[in-house]
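Per-chain residue numbering starts at 1, and chain names A, B, C, D, E, F, G and H are given in the order in which the chains are listed.
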Amino acid sequence: MAKSAGRKTSHPIVSIIMGSDSDLKIMKDAAEILEEFGIACEVTIVSAHRTPERMLDFANNAHTRGIKVIIAGAGGAAHLPGMVASISPLPVIGVPVKSSNSIDGWDSILSILQMPNGVPVATVALNAAKNAGILAAEIIATSDKTILQKIITYKKNLKDTVIDKAGQIEKEGYKKFLK
Amino acid sequence: MAKSAGRKTSHPIVSIIMGSDSDLKIMKDAAEILEEFGIACEVTIVSAHRTPERMLDFANNAHTRGIKVIIAGAGGAAHLPGMVASISPLPVIGVPVKSSNSIDGWDSILSILQMPNGVPVATVALNAAKNAGILAAEIIATSDKTILQKIITYKKNLKDTVIDKAGQIEKEGYKKFLK
Amino acid sequence: MAKSAGRKTSHPIVSIIMGSDSDLKIMKDAAEILEEFGIACEVTIVSAHRTPERMLDFANNAHTRGIKVIIAGAGGAAHLPGMVASISPLPVIGVPVKSSNSIDGWDSILSILQMPNGVPVATVALNAAKNAGILAAEIIATSDKTILQKIITYKKNLKDTVIDKAGQIEKEGYKKFLK
Amino acid sequence: MAKSAGRKTSHPIVSIIMGSDSDLKIMKDAAEILEEFGIACEVTIVSAHRTPERMLDFANNAHTRGIKVIIAGAGGAAHLPGMVASISPLPVIGVPVKSSNSIDGWDSILSILQMPNGVPVATVALNAAKNAGILAAEIIATSDKTILQKIITYKKNLKDTVIDKAGQIEKEGYKKFLK
Amino acid sequence: MAKSAGRKTSHPIVSIIMGSDSDLKIMKDAAEILEEFGIACEVTIVSAHRTPERMLDFANNAHTRGIKVIIAGAGGAAHLPGMVASISPLPVIGVPVKSSNSIDGWDSILSILQMPNGVPVATVALNAAKNAGILAAEIIATSDKTILQKIITYKKNLKDTVIDKAGQIEKEGYKKFLK
Amino acid sequence: MAKSAGRKTSHPIVSIIMGSDSDLKIMKDAAEILEEFGIACEVTIVSAHRTPERMLDFANNAHTRGIKVIIAGAGGAAHLPGMVASISPLPVIGVPVKSSNSIDGWDSILSILQMPNGVPVATVALNAAKNAGILAAEIIATSDKTILQKIITYKKNLKDTVIDKAGQIEKEGYKKFLK
Amino acid sequence: MAKSAGRKTSHPIVSIIMGSDSDLKIMKDAAEILEEFGIACEVTIVSAHRTPERMLDFANNAHTRGIKVIIAGAGGAAHLPGMVASISPLPVIGVPVKSSNSIDGWDSILSILQMPNGVPVATVALNAAKNAGILAAEIIATSDKTILQKIITYKKNLKDTVIDKAGQIEKEGYKKFLK
Amino acid sequence: MAKSAGRKTSHPIVSIIMGSDSDLKIMKDAAEILEEFGIACEVTIVSAHRTPERMLDFANNAHTRGIKVIIAGAGGAAHLPGMVASISPLPVIGVPVKSSNSIDGWDSILSILQMPNGVPVATVALNAAKNAGILAAEIIATSDKTILQKIITYKKNLKDTVIDKAGQIEKEGYKKFLK
């Protein structure tokens, strides 16, 4: 499968899959943040509803190919994350996509989140592919101190950005800031 | 698979499957009404999340075994009806079950109903396994005049029952009827 | 009634009705996919709320005119599919339309889906007229091997399209694919 | 049809109908309050889904039989109030019933309330058959000064009851009142 | 108060009020249909939240001024219809307006519909001011045979329009109709 | 009005009102926590829908009687908090009550929370009369150092209780704790 | 922190905080109305999720810096208002912001409103920062007669504006008013 | 903190925290399944709203104490999982608890799931503490082959149980199975 651009030489350890290429404009955020963390990932399409055998193959083999975490995005009656989680022993992160056929995202969320006992999907917020990537990095970091340190730094940067903006508002006043 | 009690000698043409034996207390209504119509059915458990390969086998082979219609019930993030529909060329009727892990049934409904283009599931009301059975009979009746006649009679009986009760209320008054 | 353009010479066996001509831009998808399968259909307006007698006539007579399946679309407090299903012995497929007066489609869905015992409507996803057409074809295919084969081919084509796109993403990388 | 017990000798001017006798335990509240106002009513079952022709007859003829207002209660995909309103020129009051097959009442409410332009249903709160009766009385009162006066008195009594209870709480304290 | 343009010489018998002038673009539909029926109405602003005393005065006096029916529209936490209904003995029709501060209309609907026992509001669909006007006409028609006849004609015209369009689609085919 | 039992000799500065005596079993929690803080309150019934003039009088005069904060509880289409807030210049705390006629509390919440610009209601969680009392105390504390200190102590006690229980679980293990 | 432009010389007594600078276009309404009332406020960013220690410091110290009321706005899983309320003894007003990552505002509302016992947040309507400012003024007014008088005047002005517009509609007719 | 009973001698690597001891009857399921997998865990109470400093300490130090994964459960406006995730670099699994103050669980789900960019919470289904435990095990298994093997075995056992029950139903028929 396609290795992400930033890490061509490494073996991918996170697999980002989605039910349709129309989900890619959302799901690319997962790949980009993983590249930022220096974690090799692959990106492809695996549709539970249109390619069920491919989905089964993918889920049965991902852990034998060296994949550590699967990120799966889908919209509407979104079965991909749950079906992959039912087969693979890897942690599966589900991204509910607010696709064009979704009812404000409620169907995407509920059909990914509400999995039965025995088959968890680690669900993130609607369209939150970036958070899926960060969560994958946190999981990788449970056995990789370099990534752990990068996450600590990442969170510190989030803080610094907010504090900078807060300082700017406090200094120049909210009215000037708005302009 | 288990043929329904009432039609042991016929080959089943409707298959009633469900994700868990806890759904059987709802799903049995489908079998009972089909038996009433004299349509042979089989009843078993096929879990998308716990037995994905069995589900794949079932869905790939149902039409070659002589099955004409599949009724699939599941609750929560209910993937069974949609997954079977993605594989089988048969019409699949989905019964959203209000299982104990469901959020008032909304998750069951949305994850069965909101299928993407190309993969329809004929969804009936929450817990409406009886209606799933009637719908299966109506489908069978599109090429079976005997069943068609039974459905016409069934709907007439529904009407007669209501008219009888209406007559009773009108005759004796609603107060007496309530006692 | 109007036979669909592609099958003028055949007798229609699927009837596509809708509550208002404003639903036609959604409901035409059902006619188009049926034409693709070579199944003759008719398309017209039957309003439960504005032409109740016409609706009653339609529902009482459809099966005597050779119709095998009815597809009914409506929005808001959508009574057409359920009312037709209450009268006709044919399978009725309901398409909840997200019309301008609908509350995000919830009213359309619930007033079509939540039918009482005895009167099933085979409900498909919001605005999913195409899936309604496919479901009608699957029902026709229960007694027509040619159509069954077409459905098997159709699902295979869905798979091939996804596999092609997946191959493209894997080969050129998701970044190039997005451009 | 059955005249309400309290007004046997008068011709009924309000008709209370419901889709199933199981709705009667809710709908009787409408009859009781109308009797309190001295307005003659009839009570019966008319099912849109099980007796469509009876429904059509009822709706076509109610105003010719001297009925002034129709109160219709139903649950789930509740089509009775809207269908009757589509045929009859009389004001139709809809009571969404939280029946056993309803999803917390949302389906009952939306399929009664969200009627298209041209076909209003005067919807009251979930299970609020009593309010349906009062609203019918208010409609009758637009041309009946005696009833108008009774409504004014009724609202005054509501006020007096509250003021009495308020006085009691204020006098004895809320703790004693609770016991 | 302002009499509607079309009936300047008659005394208004329907009063159309709304919480804000921003609701007028919706609520004007009620006035226009009433004018079509030849029923004199007045249109003004009465805000429960900004002019509570004016609202009280309005509600206390409407029936003494010859008003027969009140139509009240409001959005968000919409208290106007319910508050007027709590004071006036007249039938009050509530129009939930999907105003800019409303959550998809749910707040408008629930705060108008879910009135307690004793205080009904005849609620119509979201933004359905036209239906509010028709319902008011139906109420007036309970004691005015001329209006009753106009409503019967109005419903017949609805039917004829649908039948014309149906005929057009059936004759020229849905494809040509869509163009 | 009734002064709360614990502070008979002080003039009440918080007024706790509710639409019906059936709300008292919820609303008493506000009185009890205020008594715990030593803040005098009164408790009574003021119904927007059944005693509108009383409501108007109450709201117009509360601040002239020495009341500083109003707590208003109501359920269903809950207009009391918003109507009082529209008249009184005092801060009004709204408690959405999940009354028997409420749809899971959604109507109570939305009709209290979604007030238009100019008329805020300080809404607390469903049935959270205790929090309404604490919020009233916090408001009083903005000009009363003794109460401020009591609130600081109250929050510290909340913390200590949690820490005690945490210590107990950590010491004896969760299994023993559960027994 | 930044004092609001209109009150540079006074010590701020209301603090307006928000989780992200993207909330400022909504939250500025709170500052503007407070300036209109002549109440000094400060405006800054405090993110519960990105700057938790800053949030803790802010909440621990606000009341010692002379702040009387805190207004906190946030969207999505909005934890800022509740977390600040858990630490500070001051009244905290929560503004649910319909941010780009919010599901129609439902997540923002529920995660601010539904606080547990002991930790109230005074929640206002979705995006209703202006009402948050007015509520803060009402709280300040409980111990400041000048502000109380301004609020009374403000509400009178709201009334006068409505009465002016009502007069205009009544005088010129709604049709001319709409143009 | 309290080590789980089954693994007293190992250092805990999963930390199970909850906002209130009333959540323990749900959250114990996470500890039990982890014990089944032989993964040492600790169980305690950390309340975001009642012990914010303790929460901050916990979140800042968990990874330095050897914890690899945090499971956090809370109900209503559930801020614990998100707040811990905002501070700790570890993967945080959130369990929405349907507590007594929750609105059917919607508030619990949305306030855990809908986290902003940068701060993911791995959300599982309502009350699904068991799935949280399994997900934690899957995360541990990304660097522990023994646990990975146990998960593969666990999923195989789920399958075998279903196949056994399916066989039983097929053999004895559904009617006998139900008894």
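Keep in mind that, in the parts below, a contact is a pair of C-beta atoms (placed from the backbone, for glycine too) under 8 Å apart; a residue touches a chain by one contact, two chains touch by 3 or more.
Computed from a prediction, not measured in an experiment: that's the story for all the values here.
Q: Taking contact as defined at the start, I'd like the list of chains shared as neighbours by chain F and chain H.
A: G
Q: Could you give the fewest steps needed to travel from chain C to chain E through chains in contact?
A: The fewest steps needed to get from chain C to chain E is 1.
Q: Which of C-E, E-F or F-H has the same interface as C-D, meaning more than half of the contact pairs match by residue number?
A: More than half of its contact pairs match C-D, so it is E-F.
Q: For chain E versus chain F, which are copies of one sequence, does the interface use mostly the same residue numbers on each side, meaning over half shared, or is it different?
A: Same, since most residue numbers here occur in both copies.
Q: Counting in whole Å, what is the centre-to-centre distance of chain A and chain B, each centre being its mean C-alpha position?
A: Computed value for the inter-centroid distance: 37 Å.
Q: Could you grab the centroid distance between chain A and chain D? Build each centroid from C-alpha atoms only and quote it in angstrom.
A: Taking the average C-alpha coordinate of chain A and of chain D, the gap between them is 53 Å.
Q: If you average the CA atoms of chain A and of chain H, how far apart do the two points sit, in angstrom?
A: Centre separation, chain A to chain H: 20 Å.
Q: Please list all residues of chain G that touch 2 or more other chains.
A: If we look for residues of chain G contacting two or more partner chains, we find 20, 50, 76-77, 86-87, 101, 103-104, 106, 109, 113-119, 125-126, 128, 155, 158.
Q: Output every touching chain pair, sorted by label.
A: According to the stated criterion, the contacting chain pairs are A-B, A-C, A-G, A-H, B-C, B-D, B-H, C-D, C-E, D-E, D-F, E-F, E-G, F-G, F-H, G-H.
Q: What residues on chain E touch chain G, complex-wise?
A: Contacts found on chain E: 1-5, 20-21, 24-25, 28, 31, 42-47, 50-51, 54, 76-77, 101, 103-104.
Q: Going by the contact rule at the top, pick out the chain F residues touching chain H in the complex.
A: Residues 104-106, 109, 125-128, 155, 158-159, 161-163, 165-166, 169-175, 177-178.
Q: Quick one: in the complex, what on chain H touches chain G?
A: 19-20, 48-50, 52-53, 56, 59, 76-79, 82-83, 85-87, 101-103, 106-107, 110-119
Q: Per the contact definition, I'd like the list of chain F residues that touch chain G in the complex.
A: Touching chain G from chain F are residues 63, 68-69, 86-87, 89-91, 93, 109, 113-126, 128, 130-132, 134-135, 138-143, 148, 151-152, 154-155, 158.
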